[in-house]
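Multiple structures are listed underneath, in structure tokens.
Shared between the two complexes below is chain A, which has chain B as its partner in the first and chain C in the second.
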Partner chain A sequence: MRMIRTLFLIGAFLFLGFSKICSAQEGFSAQEVIAKSRLAFFYAANDMRVKISMELINQNGHKRVRELTMLRKDYEDGGEQKYFMYFHKPADVKDTTFMVYKYPDKDDDRWLFIPAIDLVKRIAANDKFSSFVGSDFTYEDVSGRKPEEDTHHLLRKEVLNDNNCFVIESIPRGKAEYTKRISWMDENNFLPLKEEFYDKQNELYRQFEAQEVKEINGIMTITKRVMRNLKTGHRTEVVFQEVEYNSGITDDIFSERYLRKAPMEWVK
Partner chain B sequence: MGKVNLDTKLIISAVAMAVTASQPIFAAMPDMHGFAEFDYGAKVSDDNTKRDDFNLFEQRLQLKTNYFFEGENYLAEKRASVHFKGDFTVDEYFSGKTDFELREFNLSLTPYNNLDVKLGRQVLTWGTGDYLFVNDLFPKDYVSFFSGRDDEYLKKPSDALKMSFFPSLANVDFVISRFESNTIAEGDRLSFFDSFQGGIAGTNSDRDLLEPPSRASNLEYALRIYQSLESHELAFYYFRGFDKNPNSYKDETARQLFYPRLDVYGGSLRGPVMNGIGNVEFGYDNSREDSEGNNRLIENSKVKILSGYEKDLGNDFKVGLQYLYEQKLDYDDYKVNLLPADFVFDELRHLLTQRITKLFKNQTVNVSLFNFYSPSDKDGYVRPTVSYHITDQWKSTLGANLPWGEEDMTEFGQMKRNKNVYIRVRYSF
Partner chain C sequence: MKKAIMRLVEFSINRPKLVVFLTIIVTLLFAIQFPKIRIDTDPENMLKADEPIRVFHKNVKKEFGIEEMIVLGIAREDGIFHKDSLERIKRISDGILRIKGVIADDVMSLTVTNNVVGMDGTLNVRPPMVDVPETDAEIERLRKEVLDNPLFKDRIVSSDGKGSSIYVPIESKDIAHEIGEKIKVLYKKENGPERYYLAGLPIAEDTFGSEMFVQMGLTAPMAGVLLMIVFFIIFRRISFVVPPMMVAMLSVAWTMGGLIGSGFTVHIMSSMIPVFLMPIAICETVHILSDFYEKLPQVNDRKKAILAVFDELVKPLFFAPITTAVGFADLALADIPPVKVFGIFIAIGIVIAWFLSMTFLPALLMLIKEKRPIVKEETGSKVLGWIGRFSLGKSMAVVLTGAILLAISAYGITTLKVNDNPVKWFKSHHPIRVADRELNKLIGGTYISYLVLESEAEDEIKKPEVMGYMEALQKHLETNPIVGKTTSIVDVVKRVNYVLHDEDQRSQILPKDQNTTGQYLFLFLMSSSPDELDHFVDYTYQKANIWVQLKSGDNRDMTAVVEDVENYIKGNPLPDGIKVQWSGLPFLNITWQKLMVNGMLKATIGTWWVVFLLMVLQFRSIWWGIVGMLPLVFAVVFSYGLIGFIGKEYDMPIAVCSTLALGLGDDFAIHFISRFRQRFRETKELKQAMELTMGGEPALAIFRNALVVGLGFFPMVMATLTPYVTVGLFFGALAFFSGVTTLIFLPALIGSFKKVLLKI
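And then the complex of A and B:
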């Protein structure tokens, strides 16, 4: 009995030591993986232009379509960013533009332009858990979350669809939309290939999945993704088309001038 | 409602000439968008207007298109585009009268890197208020607003030249426009307070509204200078033109009212405060034809101070609050000069508004309540709406317009007999 216990302890010790060596070999703590993933997912290149098509599909299969062109410019990796969005669809929001200045340590500045009444409206931005344009993505899902806002643990490593992944559990330190998030991060490019969001009852209620990853201008990019709400049966499928990186989007685009008069050479 | 009158034709031909003067002409028919809509607003209070059972019953087809110039020509180089938007309506209130309203037809271009120009019919808006306007003196349609048409129709288009300059120091908008009055209740569709009738009037109203004649000396000028201060936006405004409401008397015996000259100077600041968006705006209205304030027939000069706050409480629930203070500046002079039979308007007005919006079902259902309340005028106006995007194309809206007031001559009190409940069904394409 004693021997078994000793062997078990030695085994446990060796296992812990081995896993320690393993993660040391990889050189990344869970926190670092999350930080790198945020840069790969939300801060790729210095700027980005993409045509985004979103299908919002309810449990009965009814579809709504949101189509927009998004311009993004980074001012500092992991720091300030500016976004410009121009809506093509649906018809009743066509030509509407939306602009966001994102700051690392304070609420976003957001402006919405409604062309029918020539109105530039300032949008209160204290709502990172609200849905983005009615989809299953929250504002936080589409603009990122600071790594320090959660405590991260490497649960294990796992192969997901032939990709080696870090599986990381993140528990929010403060108020959050979820109580636990589990992410599968690709070991090679740190892109999130799958994410699970758990609610207060510790039940899985939202699930993110990257369905297609392509190399564009040397940058690995998720070009198809889906977010499922498992409680309502609603899901949102997103396709990125015409992705361009580092095309030199100038700072002046992100201004009231272009909010009122969309820069067609960029958003067409 | 704007008809296809001579002025409209002039605008159309001016823009058309500018367009055809360049080569090549339209290469292909651009995409057409818009909507078809049905509106019905049942009256829930009695008055003396044209109809007892409804004050809104119409079908509307809006068509809009944008054309962007391409190729090697001046207009393409200057990133020129033409925007058109027009509404065809069949108005059952006036026994099926058909109409066409040209809402936008303008040429927009960037002749220099830091100059944008927009010429033609266009909708213009600035300022920080929500349904309250201090420095936005562009024309409004309050008949649409009170009868339940979409918010889009609160703003009337202007025939204007807008120049926007973007030097590094600040941004400047300068607008030259033809006078266009506000569309207000005149007794046929909506009842209102008519001093000549001594109370709330409908079809018995026989006022004569005299607009300033169309000529160069009657053009209006509006200026806005704005700049961002980190996350805040600071703006200054100047307007030189006419009062948009016919609240002044030209000839009492002939029941003539007119739109006196008006200058407005103002400023605004908007930005994040206390986890929401706050705004303050002030305006000084100089009633130029009564600068002493002793003419009882012409509107007094005024100050207006507006402050507002909007906060997102999460879960698609937003709350907005506003407070507007208005004061007539030469009230003593106004009062001294009143005649014994005159109606006496108050010196001060305090107005509070509140907007609550909650979205449901993946933001396809919008429940909103807008409330105006004036403790000084003892009146108010409740605007509840529920709208549902059945699909991306189909949207239905159910709403009500419920103005109320203790007195007949206050802003909302005079509208109290126009209460309605309306339904709107729209197909967008």
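And then the complex of A and C:
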């Protein structure tokens, strides 16, 4: 009788122990996955220079093209960042520049230079949910969202286009642009391969998809992505070209002086 | 021909039970089609799907992302700029965004429509009221922000600050009523001093659809019941009431079953088929019954009496409905799809009614057991006989009087005003009409038209000369009292310029070069959603769309605005390579009105020729054909002249009614003439033949028909939808005039032109 009880106890310990080891092997909590993903996606390296071509395509297939060079400098992983953008296209906005200071705990600072009237104007950042340069991406989609702003929950694991993914559901704690987000995060590099956004009517309305991932300077980078608005039929296709990491972008670039006269060696 | 029909009648009176049984079976077959009914209330469907203006409208909607819109107006006597009212507006807007079927991205309201403002040197693109302001100072700031701004003033907030509106685009027109009900729930939860108005063409159209159901299900049977009562009062005999009603209702059931079963939608036009068919079917049966009850006492055998009736009546009973049917079938040549369906199915219905009168009716007459003795109607015949003698005696005077009346009525017709407005299909106290009136007082207009400028190359719209032209054209349009508000890309660019220059009044103008315009628009788009400007420009800046809000949905008013723009363009030529084109529901409505008025006129004239030819053929005389047409001409000219004098506008239902005159007028005339000529052949004497016609059964039957039709449809006047009211009233007038002209003028005409008509 005692034997049986002992065996049972050993069995129970073994079982508990295994399950503990297993969960460790599984990796991370949903919260951790989201935090890691944010760093991999928005804070790769210390700085980045990229030529972005953006096609805004409406439901009739008509296109508006944006071509810009973007410079990014990080000041702290997961913390402050500065962005500088120079527009090559469309033709009538050439030389327009745009600068964003991003702070983790307060509203961004944004400035725009309008060459036609030689004016630098500060632009209010009322919310992070407004569209980024008229695309289907919001500012938040482009510069990230703090993990604490949502409650995350690992739904399942799933293979998406041969990649093992965590599928995580995120429900906003406060005000947000969506009511529910479901993300597919690559288990190896934590890049988001797919995201689905649900609206107030609890219907899927926006969908993000990474279409091409390349290793650049040892960093896995999404070089082609698309955001679709399923309600309007509008979509934005983004291609990253000439990606450079850690090229030593200096601090002074992010100033009004360069906003008025773009640093051609960087934005060419 | 006659033999074949007589065999049909003989079969029916020999095997009455079998015929009734078969009729019931066929009726059931048609009745099971009814649940398949599909209602179509879209006035757009008055136009063919490939009509150029409709295709253009569809393209404009697609190109500029324009959806069908419901407008909710929120008004408060002492202004909406109070904290509690603003809170309600916010709550209701939030609620509307959550309703399924609402295109949330395109909703326009104080809380979601972006405004461009400059604050402390910062440019801000955001809705005026993201959060409800707390303090009086903040409320004042909000008030100033929107009333100072052409993109909001008279559009989202009334210029006196007493009302605000929410524009709710919906996924499709047929859910407008349902979404409207959900919006009602939202504002009924609030109990403040505000009043709420729900308007917009889709709501009107969809509500019309659901009320059409009610009218069809309620008014038509009510008309039926009243017809029965009128019948009973006139004939004092149940056996006289049931058979005509049965024939009329079965004809309607078969026709509508056939229409629904063959996959056609029930449109506003086809929903009137029952109402048109009933009197035509009843007229047939009244002739048969009148004659039957005259002959029955003489022969005292039902079978013999029926055979005698059909022997005498077979020809007019065949020719009158066939003429009418061919006339209606001729409407199939009209260019308006619902009118085609209407014409064809009425024609089918008439043939069905004729068939039932030849089979089911005699069978029914065999099965009815008469208990009371039949007494001959005396008073009516005496009066009619006297009228006949008078008209014949003073024939020239009567004809002259008729001619004078005709001339006066013709003058009345010239005063007719052609106009229509789907919102006016509701009676004036209907909530939709009230909302429409109040909302159009409050904001720039709920009737939204689009004036589209098209160029040949990309980015043309941004050119200063094009922008300047649009600005001037809008300024001109806004001097027109019907136009409440115009909005376009010009207003956006001017607003950005104004804000960038620290709200200096002098900078509320357009920039002088294309690059500045381009950069302003880019700046605007940088901070708003990608489709924010889609309502104003296409994606490649090749087309621009000026929103023209009208305070009236009357086609006449829209026509005036269109002419105004045409004249303006004549005086101020468009920039090179630019074309303009109207679109939007009000413009679509005037297009189909034109088609409808001209189309119906053409179709009716064509139909009259056909009827005339058929009459000439069956009377084998051109002169009799002309005389036979006259009651029709009189009835129509009198009725329309009357409408002209009363000042009622010539709208869709009135246009449709003109075809009804045909159905009634030619029936009366064919019966009168063919039976008069029969009697003239027998007596060879004008006075005696006339006495037998007017003092006997033929005139009495016509008189009864006119009375039944005129009175029986009176309940339609109580319908909530004006097309039904109009049809009800018009029925009365037409039946009255057709009866009068047949019974008073035909004897006089025959008397006056006896030489050519009777060769005496």
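Simple rule for what comes next: the second predicted complex is superposed on the first by the 245 of 268 C-alpha atoms of A that agree within 3 Å, B and C clash if a C-alpha of one lies under 4 Å from a C-alpha of the other, contacts with A are read in each partner's own complex, and residues count from 1 in each chain.
Note that in this section contacts are C-beta pairs under 8 Å (C-beta built on N, C-alpha and C of every residue); 3 or more make two chains touch, one makes a residue touch a chain.
Owing to the predicted nature of the structure, the values given are computational and were not obtained by experimental measurement.
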Practice item. Could you classify chain B and chain C on chain A, in the superposed arrangement, as clash or fit? Key: clash
Check your understanding: Who does A:Val226 touch here: chain B (first), chain C (second), both, or neither?
Key -> neither
**Study point:** Which of chain B and chain C A:Arg122 touches, first, second, both or neither
**Key:** both
Review point. After superposition on the shared chain, which partner residues are touched by A:Pro90: those of chain B (first), chain C (second), both, or neither?
Key: both
**Study point:** First (chain B), second (chain C), both or neither touched by A:Met264
**Key:** first
Exercise for review: Would you check which partner chain A:Glu256 touches, where first means chain B only, second means chain C only, and both and neither mean what they say?
Suggested key: first
Exercise for review: Classify the contacts of A:Leu160 with the two partner chains as first (chain B alone), second (chain C alone), both, or neither.
Suggested key: neither
Check your understanding: Who does A:Leu112 touch here: chain B (first), chain C (second), both, or neither?
Key -> second
Exercise for review: Could you tell me if A:Leu56 is touching chain B, chain C, both of them or neither one (first, second, both, neither)?
Suggested key: both
Practice item. Kindly classify A:Leu204 by the partners it touches after superposition: chain B alone (first), chain C alone (second), both, or neither? Key: neither
Practice item. Give the stretch of chain C that clashes with chain B in the superposition, choosing among 523-531, 559-567 or 649-657. Key: 523-531
Study note, to complete from the structure: Both chain B and chain C touch chain A at residues 56, 58, 62, 64, 90, 92, 116-117, 119, 122-124, 126-127, 130-131, 133-136, 234
**Study point:** Complex contact set, residues of chain A against chain C
**Key:** 56, 58-60, 62-64, 87, 90, 92-93, 96, 98, 112, 114-117, 119, 121-124, 126-127, 130-131, 133-136, 199-201, 203, 229, 231-232, 234, 236
**Study point:** In the complex, chain B residues that touch chain A
**Key:** 33-35, 66, 68, 79, 81, 108, 116, 122-126, 151-152, 154-155, 164, 166, 171, 226, 231, 233, 270-272, 275-277, 279, 310-312, 314-316, 318, 359, 362-364, 389, 391-393, 395, 426, 428-429
Study note, to complete from the structure: Touching chain B in the complex, chain A uses residues 56, 58, 62, 64-65, 89-92, 94-95, 101, 106-107, 109, 116-120, 122-127, 129-131, 133-136, 234, 252, 256-257, 261, 264-265
Practice item. Flag every residue of chain C that touches chain A in the complex, lowest number first. Key: 62-63, 65, 97-100, 102-105, 119, 121-126, 130, 459, 462, 500, 511, 513-520, 522-523, 525-532, 534, 538-540
